[in-house]
């Protein structure tokens, strides 16, 4: 049985920096965590062993860099979870999940097309949706002033801070503890 | 034998060197074995449903490797979201997947509603279910025809269109269009149903049940079709898991995974319906499963139309065109005809979306084609491609 | 048969008539096929050109004649242009021994069916040349399929016809028709239903029609061996396809359905009615069934049709010999 | 062996069943509407979304539009241009580019005055892009009979099909 607490435990096991259990009803994910880039493959292996599948890879541009969100879903007990990796704006490199989830190849190629994030270990990192002769920088947001901070976007709303260096990513206002415990019960 | 080259009556210049393929062909050819033939199926090929391109390496008639090449129909829907308000983005959703636009409507509108905490009136929820299920039926009917056409039977698609046109007639009453529908609004739906809608829908359900018998006699029981599909392209649960496949493909592999019941949304929990699984994970299993899903959807439509509650179809203070989303992040998924349709929405509280990521089920479903098509006959590869129920605009977005 | 001037003139006139028949047949069949397909699919088919679209086929052929001949690069020029011609002309010869009446035959050879079977093998040569010469991978695959299919389906076809030949004791088509009566129960189909069935199946296979249209399987090979042909080249392939269809239908009518004999009044019209009935049947199955796979196509032939036809032949031989 | 033979015979029977289905449809009436001779019924056109048109306020070619620009701002395709009149609220110009319109009804639903709606012109034909850049005020005057209508009425023999 995979419960939300168990998933949280997996996040802690691979050295997550931030971990949260948002309300599934409003956020659409039941467990979320920021993990170091080098730990994402370990996390994926653990999740794969727990009968999880990779739904998509979504890249978010923010002031702090590229936040790469991997959405996983379980085949045995439904409940989406988000594993996040923060890559720097300059030379973003993240290990590829291709060895665990072969379906990740295309998601990573798509992210490479549009955000220039390089996925180490992807066997075929050629343009997927953009034309092969597309030159120039990836089609990012034009002005750096457009970018919002992750704290403003509320991505890590109500997260438990495990690595103090990531405290700035969490919005200042603390989430009401009652809501968190409700989500756990639900 | 260039010595035979004595006449060139039409002035076509002869290419002296051997032809070099484009980037993707060359990239694919790097891994080619000795004495194999590299063949480009598409992007303009009769069985690739639009503009999918598949490069295959053939040894005789057998596919050694295959690789789909995407991007011929990429329209930057995700990038467009960054310059559009949520209201302006709704019509885009009908264009992402033209066969099941209502599911995409629901995913986008539902994501915004979850973020803003908007509740939807009950009558609107019922109408959402009815329209979504009718649309799912029409999508499956279209797939049925196109799939049989991939197998060489041209006539069934025109029979499927008879039913599809009836559904389009029904949905046009409320959505105003027959293909790229945008019916959902924040806090409800755009229009209430009239008597004609109710009458046509109630007539349609028994009519289609009757027609499904004809489908069975003409196609499902046909020995040629059965022998073409039996045991072809098995996709077990593990393959689906590694590639993130959802929807009918996964259910045919025996897993009862359906977003409608797993992460309930709308009023699906009020209806008694069957989520079919199985019977087998090959092409025939996927074929039978989709036909069973049509019947399940008919059940839902029948029940929803029978118990349609009165009331408004949109909340009073419905968001207007200039409405701003509150800041935050959410992920909302619905069950489309092809699998889980997901919208990952991030807003910074500004006029436009900050980031929208569209999870197209076809994208993940197509990615397992390369693995499933290894070592099968070319004709089987076409059958596998057809059984994935691809809508290329959705894959490319 | 001595080849006198009169005989020679007769053959020339017959050839001209056959060309007219082939072209006319293609025009009629295009119309019939499109109309039948339309009615099956619950739509009217062609109806804009002429009353009820009857001139559609004429317009189509005009269009084909007027089209630019688009030639791909790096082709083998001689073979590329030879292939459609080679597809068209051997069919001419095949019509010569077909009897339209007791004395209404272009060339009444005693070994008529032998002539037809011998020359019908040439058709596949044109297919392989077309596929090879047009420097196209789909063409090559289509040509390879065409050859193995034609080779396979010729054998049960011959076996099925041989059973009738055993019964009749003659290779002449006129003789075979003469041995049958005017009424349906006097036709060979009654005594040889299995041979008729085998012939019908291999007829579809031999003429590359759906569900056995593997060499030009649209959803797999776009158009197979004639992918790179446009305009007149395509028209000639088209013409020869319908001419082949008509020919095998004539043979079917002569062998199994009493040829020019029919109730009330014998005559060439019976030959045409029967042949076109067979053709409409071929059209009907084309618009009903999906296509078989290539290995299945060969399996049907080698594992079922061939043993069945041999069995049928043995039983016929034993019956003819001892009873 | 016996089983294979029985299977194949059953298979052949399924082919006969298939032929009987298409044969039945061959003989049954057609479902298509032959366009220039027949047209679809009016109840289908009622919900059809053609190009936008202004709702007449009176029979003098006046519109309900108050030039508030809500439609132009709501439009995802930027296909509406409203130029405010010199005096009063009535617009001087209401330009609508049908080539850019996605018929999403954002304008119709955001109009506070209820001044625009979708027309049901299904038989609209244009020979150039220019013809699809419509002037809705002129169109409104035309419909009120102030300007001559260019399109002739459909022929009498055309019959509606439900």
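As written, the chains take the letters A, B, C and D, and residue 1 is the first residue of each chain.
One rule holds in what follows: contacts are C-beta pairs under 8 Å (C-beta built on N, C-alpha and C of every residue); 3 or more make two chains touch, one makes a residue touch a chain.
Keep in mind the model is a prediction, meaning the values are calculated, not measured.
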Among all the other chains, which ones are in touch with both subunit A and subunit B?
-> none
Once you count every C-beta pair in contact for both, which comes out on top, C-D or B-C?
-> B-C
Taking each chain's centre as the mean of its CA atoms, which one is farthest from the centre of subunit B?
-> C
Compute the distance, rounded to whole Å, between the mean C-alpha positions of subunit A and subunit D.
-> 45
Computed distance of Cα centres, subunit D from subunit C, in Å | 49
Using CA atom averages as chain centres, what separation in Å is found between subunit A and subunit C?
-> 64
Calculate how many whole Å lie between the centre of subunit B and the centre of subunit C, each centre taken as the average of the chain's C-alpha atoms.
-> 42
Residues of subunit B that touch at least two other chains are 155, 159, 162, 218-219, 222, 224, 227
Listed in rising order, subunit C residues that touch 2 or more other chains are 40-43, 287-289
Line, ring, star, complete or other: which describes how these chains touch one another?
-> other
Chain pairs that touch, as defined at the top of this document | A-B, B-C, B-D, C-D
In their shared complex, at which residues does subunit C touch subunit D?
-> 36, 38-44, 47, 284-285, 287-289, 304
Interfacial residue positions of subunit C with respect to subunit B in the complex | 37, 40-43, 69, 71-74, 76-78, 137-138, 140-141, 210-211, 213, 217-220, 222, 287-296
Of subunit D, residues touching subunit B in the complex = 8, 10-12, 14-15, 17-18, 21-22, 25, 31, 43-44, 47-49, 70, 73-76, 102-106, 109-110, 118
What residues of subunit D sit close enough to touch subunit C in their complex?
-> 8, 15, 18-19, 21-23, 25-32, 34
Counting only contacts in the complex, subunit A reaches subunit B at residues 24-29, 48, 51-56, 58-61, 69, 71, 73, 75, 78, 80, 82, 100-103, 105-107, 114, 124, 126-133, 139, 141, 148, 152-155, 157
